[in-house]
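I've put the structures underneath this note.
Presented sequentially are two complexes of chain A, the first with chain B as partner and the second with chain C.
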Partner chain A sequence: MTLTPTGDLFPLLAAVLAALCCGLLGNFLVLRRLSLMGDAMSHSVLPGLVIAFMLTGSRTAPVMFLGATLAGVATVVLVELIKRLGRVESGAAMGVVFSVLFALGVLFIERAARNTDLDANCVLHGQLESLVWWDGPASWSGVAISGLVEAAPPQIWTLTITCGLTIALVVALYKELRLAAFDPALATAQGFSATLLHYVLMIFVAGATVAAFEAVGSILVIAMLIVPAATARLLTDRLAPQLLVSVAVAIAAAAMGYMGSIAVPHAFNKPEVNAAGSMAIMLGVLLSLAAVFGPRYGVLATATRRSRMARRIELDDLLGRLYRQEEAETATVPAPRRAIKRARRRGLVAPDRLALTDDGRARAAALVRRHRLWEAYLVDRAGLAADHVHDPAENLEHLPEALPPEMGETDPHGRPIPPI
Partner chain B sequence: MALARPEALLIGDVLEVLTFQGGYNTNAVLVGSAMLGLAAGVVGVFALLRKRSLVADAIGHATLPGIVIAFLIAVMLGASGRSLPVLLLGAAVSAAMAVLGIFGILKYTRLREDAAIGIVLGVFFGVGVVLLSYVQRPENVTASPAGLHHFIYGQTAAMRAGDAMLMAGIALSAVVVTAVMFKELALASFNDDYARVAGFPVSLLDGLMLGLVVLVTVAGLQAVGLILVIALLIIPPVAARLWTDRLLPLMLISGGLGALSGYIGAATSALLPRAPAGSVIVLCGGGVFVLSLLIAPKHGVVAMAGRRAVQRLRIAGEHLLEAAYEHDVSRKGDTTIPARTIRAMERLWGWPIWLGPMVIAGLRRRGHLQRTSDGYELTTTGAARGARIARNHQLWEQYLQTYADVAPGHVDWSADTVEHVLSPELVAELEAALKAKGALP
Partner chain C sequence: MSDTVVHSGHAAPTSLAERPEHSSDSPLSIHAMTVAYQRKPVLWDVDYDAPANALVAVVGPNGAGKSTLIKAALGLVPRASGLVEFWGEPYKRVRDRVAYVPQRESVDWTFPVSALDVVCMGRYRRVGWLRPVGRAHKKVALECLDRVGLADLAHRQISQLSGGQQQRVFLARALAQEGDLYVMDEPFAGVDAATERAIVALLRELREAGKTAIVVHHDLQTVPEYFDHALLLNMRVVAAGPVNEVFTRENLHKTYGGKLTLLSEAAEAVARSGLKVR
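Up next is the complex of A and B:
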């Protein structure tokens, strides 16, 4: 596959810019659990565009942009209103608002704006493919900044300005946005209005939605707002890395999705497929990768941690049981064979019979010591009854880093606490 | 539908359609849309109560890849690819996968429900758009995919009676399942913890509820399209919520409103050329919602404002009686209230100018106040009422000081609000309690 400046430069640029501003703003939506506000906005953009067109008869970028942004703001206000008057949660209120607005948009498009190139399908799928640089240079080396600036279509300009403003907003209000994202009540108490900030953010989301959707379609806007931030959320706990990761994910998905929409079908001798959709797919792929392989919260990492813990507890339980057996000189109790094998391999249990080695006894003593210390602690300090402390102690004994203070010679049942 | 024609509408046309005389096809579509609205209204109530309304949005958008894949498979097997049941089956399968996807994200990652819904919605729809762009190229698929995109915005114009029957059938089956499982679903949606403890399989019931949502979504694909089908599931329950607080009436009203919007919407779209049925049905629902918001007697804006105004008038009147009683009757035995005293009170309480005359008119109507030469005079009943309110006030103050340990300087304000809502039983109880403490005022 070869990309050419003529056919691919502007679509790729539009996709990357859209990814940048949506991905960045999406973080604040995901953190404030407002992800679906993006969904609502992108649906209500349609009537905004159509009404702006019907009122002015103009299809120029500023008019469209203003109409759609106003529709986005109207959505936020209406959702608040219905939430309060209709006594429903915000999800349902959003659903009511955006579906009615969208229905209005579809109706208007069908009835009034039919003869224009405002097309309900374009709204959904985007028209990346139409951003052709007709008299662009034939090779990448021929691309010059001046030529680029001259030839850039209005969508690119809108996106560039929106991106610039978005980045400026995040940089300028980083501290406030961060506080409001995690603790809006504290933010208000500290003297800047979290509500005002919320509306500012929503206006930006509306703006980004509008700027992005003309190029990439309304569905991709939803995916671009939510998925990169969600992916970053699976990889990091801090806001600054989260912002950087989400932007990187968004841009990577945009570029890979665009190229994939050409390269993959071409490999099977088929014509290229919809680019916006394949970016959404690529976002899904990146999110799945993060969900599975994420170093900290990934499914694999969690499963590994859990199974390691389970194996350790199994081994601990075997050693503890053998220790108590020796102590009370009772008969052998059955133990899972896996644990026995592992204990023998580590030299904790004798190879020929089921008995502790010296190493094993030392480790078992430490374990039983923790158990009995905890029992004594729970009775003495936490005031639990002596016959209620075994189960919690059974859990706590497996955490060597948490050790209760010295509690004397014996546990509440009169058994000796092994010394260190 | 045959009726769609560009010239002006006549009243006769409207009546013809609304009274089921618009031909067999039109009737079938009308009945089908009404059934769809009914089922969506009923099922939507549970989605609303479980705060799952927007899961329905993801479910709707997620049907697209299923529809296109079903079409591709049908074509590959040599069938026409236009068979509605096959396409709807595909839609149902991918919708179910979307539900599993949402639950998978919630279970295995630390993402919240809103993000999970958005992710599934965006990614599934992206897959659908890519597949759609694939089948729309004639060099890829020999059979024409014309009509597939109707599922996005909905198209009743092309619906035949058989399609409408299928829609009505699916919708009705959802209603029947809801009716049979009503008790279990109700319990699980109000108090899932209790339901779990009582031995009900709550996750199964949750699954059933989402299954019903999938069913309604699939039924509605043809008429309203996959983007707007969520409106059918959300708007009627939210509107019905304004009319009642009880579950059974809620479901009946919601189903009724849904059926009404479906019926009127489909009829309107049959009459108006180029009015897509989906949008019209949703806009009818929106109209029903706005109307409910205004006039619903329970929680409608007008009713609430009316109740609040009545309450405010009553409290203001009681304040006036109480002040007159405390200040003049109980101290000086003087029952007259000069007009300037009333003006002073109005200023003191910050009443807007319209409130004073209304309050006085109300008190005079009830016989608490009568007009004199230079103002007003408390009647015997008025003085008695004032005395009772003053006593309620004191009772509550004393109660707060005696039992709630509130400082004497802090009780007046609270008593000022509570005095208006003390019932006779509560007053008797307070008197008994304070008598026992020897603190009766």
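Up next is the complex of A and C:
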């Protein structure tokens, strides 16, 4: 497969720019639990586009952009209004607003715009493939910035300007947006009106939605607003890195999805598939990878942590049991073979019989010490009855980082607390 | 019962300064404030003057409008009527002097910020629009975290803190606002003993520094120990004044209605038996 500047440069550029601005803004929607707002916005801009066209008879970018952005703002206002008057939660309010507005848009297209190239289909899927550079250079080495600037279609310009403004917004209002997303009450109390910031953010989301969806279609816009942020959320736990990761995820998905839409069907001798759809699927793939392999919240990391903890508890329990048997001079009872094997491998249990080595005894003493210190602490300081402290102590003893203070020489049951 | 509020008429004042019953020394004066959610009144004709340099407990049963009182005073929920002033000025002019601690559950603690980031939010007013938080502000924020005993956890993500530690992060954030009036919504709710002690110590520190704290509080038993003044609220002001004057059985009954009877009898029975209950 080969990509050519003629057929692929502008679609690729449009996809990457759309991914950048939607991916960046989406973080604030996800953090404020307004993910559905992207969905609402991308559907309800349709009537805005159509009404703007009907009023002006023009299909130029500024008219379309203004109409759709106004529709986006109207969506936000209507959602707030319905939430307040209808006493429903915001999800329901958004659902009502965007489905009705979208339906209105579809009706208007049917009626009023029958003879134009406004088409409900390309609203859904976008028209990336139509961004052809007709007299572009034949090879990538022939691409010059000046030629690019001259030939760029209006969608590319709209997207570039939107991206520039979006990045400027997030950089300039980073701390205000973060505060308003985390604690709107404090933001308002400190004079950073959360309502004002909400509307500023929503105007930008509307703008980004409009700019992006002419190129990539409304379905991909929704994916690009939400999935990169959700993916980044699984990989980081600070906002600034999250913003960067989400943008990287969005751009990677756009580029890989675009190339995949050509390369994968070609490998099976099939014609290429819709690029926007392929990008949305790529976003889903990246999210799944993050959910499985994420360093902290990933399924694998969590499972590994759990099983490591389980093995340690098993080993601890074996050592503790052997120690108590030594102490009470009773016969050894059977123990899980896996734990014994592991203890032998680490030199904690003698190779030939079930007895502690010196190393094993030291570790077991520390464990039993923690257990009995906790028992003493829970009776003495937390006021629990002596017959109620074994179970909590049994859990707490496995956490070496939490150690109660010195509690005398014996535990509540009169057994000695091993010294350090 | 010396301080029970007498309800005044319904003349609409423009400023509280001319009204003899309100004083411009008071960090918070509320006059004839009514607040309604969906047309159902939550607070009815509230008049209150908070004393300067005191620790004030706002107590009352669930649904009495305690949180609403402070949110409406700070303009976070709309007032149906009434006037609120801070040191004789509207809130907008004294934002810098008022620090607010919302309920802990009011925010999302999985939010991707560190404890220090949250405390820095208390400095935003001083930092101003569009500017990043400078090093000097971060240093103040770190000192505030240290005052609540959390300096070591400054760079932890907030979801990795215990409930009590989260509450202390909120207190540190209020300290970072460096106000003269601290308005706290249930800071003692669901915290561990260490945090409770830390909050009490902090409140006393604030009082010694000449500040005022108005605290929504749930635990009636600790009111006389922790606070100087109390505002007993049940949609209306039932009583307000020094704890030893207003915290009477009669007033508590008026505030809590029948609900307190069982509790107070149980409490008295416990007190007689000498049992120690928390």
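Everything that follows uses one rule, which is that the second predicted complex is superposed on the first by the 419 of 420 C-alpha atoms of A that agree within 3 Å, B and C clash if a C-alpha of one lies under 4 Å from a C-alpha of the other, contacts with A are read in each partner's own complex, and residues count from 1 in each chain.
We adopt the following convention: a residue touches a chain if its C-beta (ideal position, glycine included) is under 8 Å from a C-beta of that chain, and two chains touch if they have at least 3 such contacts.
Please read these numbers as outputs of a predicted model, since none were measured by experiment.
Novice: Please determine, from the superposition on chain A, whether chain B and chain C clash or fit.
Specialist: Clash - chain B and chain C, as placed by superposing on chain A, overlap.
Novice: Contact-wise, after the overlay, does A:Arg238 reach chain B, chain C, both or neither (first, second, both, neither)?
Specialist: A:Arg238: touches chain C, not chain B.
Novice: Of the two partner chains, chain B (first) and chain C (second), which one does A:Ala189 touch, if any: first, second, both, or neither?
Specialist: After superposition on chain A, A:Ala189 lies in contact with chain C alone.
Novice: Now for A:Ala230: first (chain B), second (chain C), both, or neither, which partner does it touch?
Specialist: first
Novice: Just to be sure I read the superposition right, which of the two partners does A:Ala267 touch: chain B = first, chain C = second, or both, or neither?
Specialist: In the superposition, A:Ala267 contacts neither chain B nor chain C.
Novice: Where does A:Ala385 make contact in the superposed view: on chain B (first), on chain C (second), on both, or on neither?
Specialist: neither
Novice: Once the structures are superposed on A, label A:Arg87 by its partner contacts, choosing first (chain B), second (chain C), both or neither.
Specialist: both
Novice: Once the shared chain is lined up, is A:Ile219 touching chain B (first), chain C (second), both, or neither of them?
Specialist: The answer is first: A:Ile219 touches chain B but not chain C.
Novice: Can you tell me whether chain B or chain C touches more residues on chain A?
Specialist: The partner making contact with more of chain A's residues is B.
Novice: For A:Val100 in the superposed arrangement: first (chain B), second (chain C), both or neither?
Specialist: Touch status of A:Val100: first partner only.
Novice: For the combined three-chain arrangement, which segment of chain B clashes with chain C: 58-66, 202-210, 400-408 or 418-426?
Specialist: Clashes with chain C appear only in stretch 400-408.
Novice: Considering each complex separately, which residues of chain A are in contact with chain B in the first and with chain C in the second?
Specialist: Dual-contact residues (chain A): 33, 87, 233.
Novice: Quick check on the complex: what are the chain B residues that touch chain A?
Specialist: The contact residues of chain B facing chain A are 48, 51-54, 56-57, 61, 105, 108-112, 114-115, 117-119, 121-123, 125-134, 137, 139-140, 149, 152-153, 227-228, 230-231, 234-235, 237-238, 241-242, 274-276, 278-280, 282-283, 285-286, 289, 293, 299, 301.
Novice: For chain C, which residues are in contact with chain A within the complex?
Specialist: 38, 71, 74-76, 92, 95, 98, 100, 102, 106-108, 111-114, 117-118, 121, 124-125, 127, 129-130, 132-133, 157, 159, 173, 177
Novice: Which residues of chain A touch chain C in their complex?
Specialist: Result: residues 31, 33, 87, 172-176, 178-179, 181-183, 185-186, 188-192, 233, 236-239, 242 of chain A touch chain C.
Novice: Quick check: in the complex, which residue numbers of chain A touch chain B?
Specialist: 30, 33-36, 38-39, 43, 82, 85-89, 91-96, 99-100, 102-104, 106-107, 110-111, 114, 120-121, 124-125, 217, 219-220, 222-227, 229-230, 233-234, 261, 265, 270-271, 273-274, 276-281, 283-284, 287, 291, 297, 299
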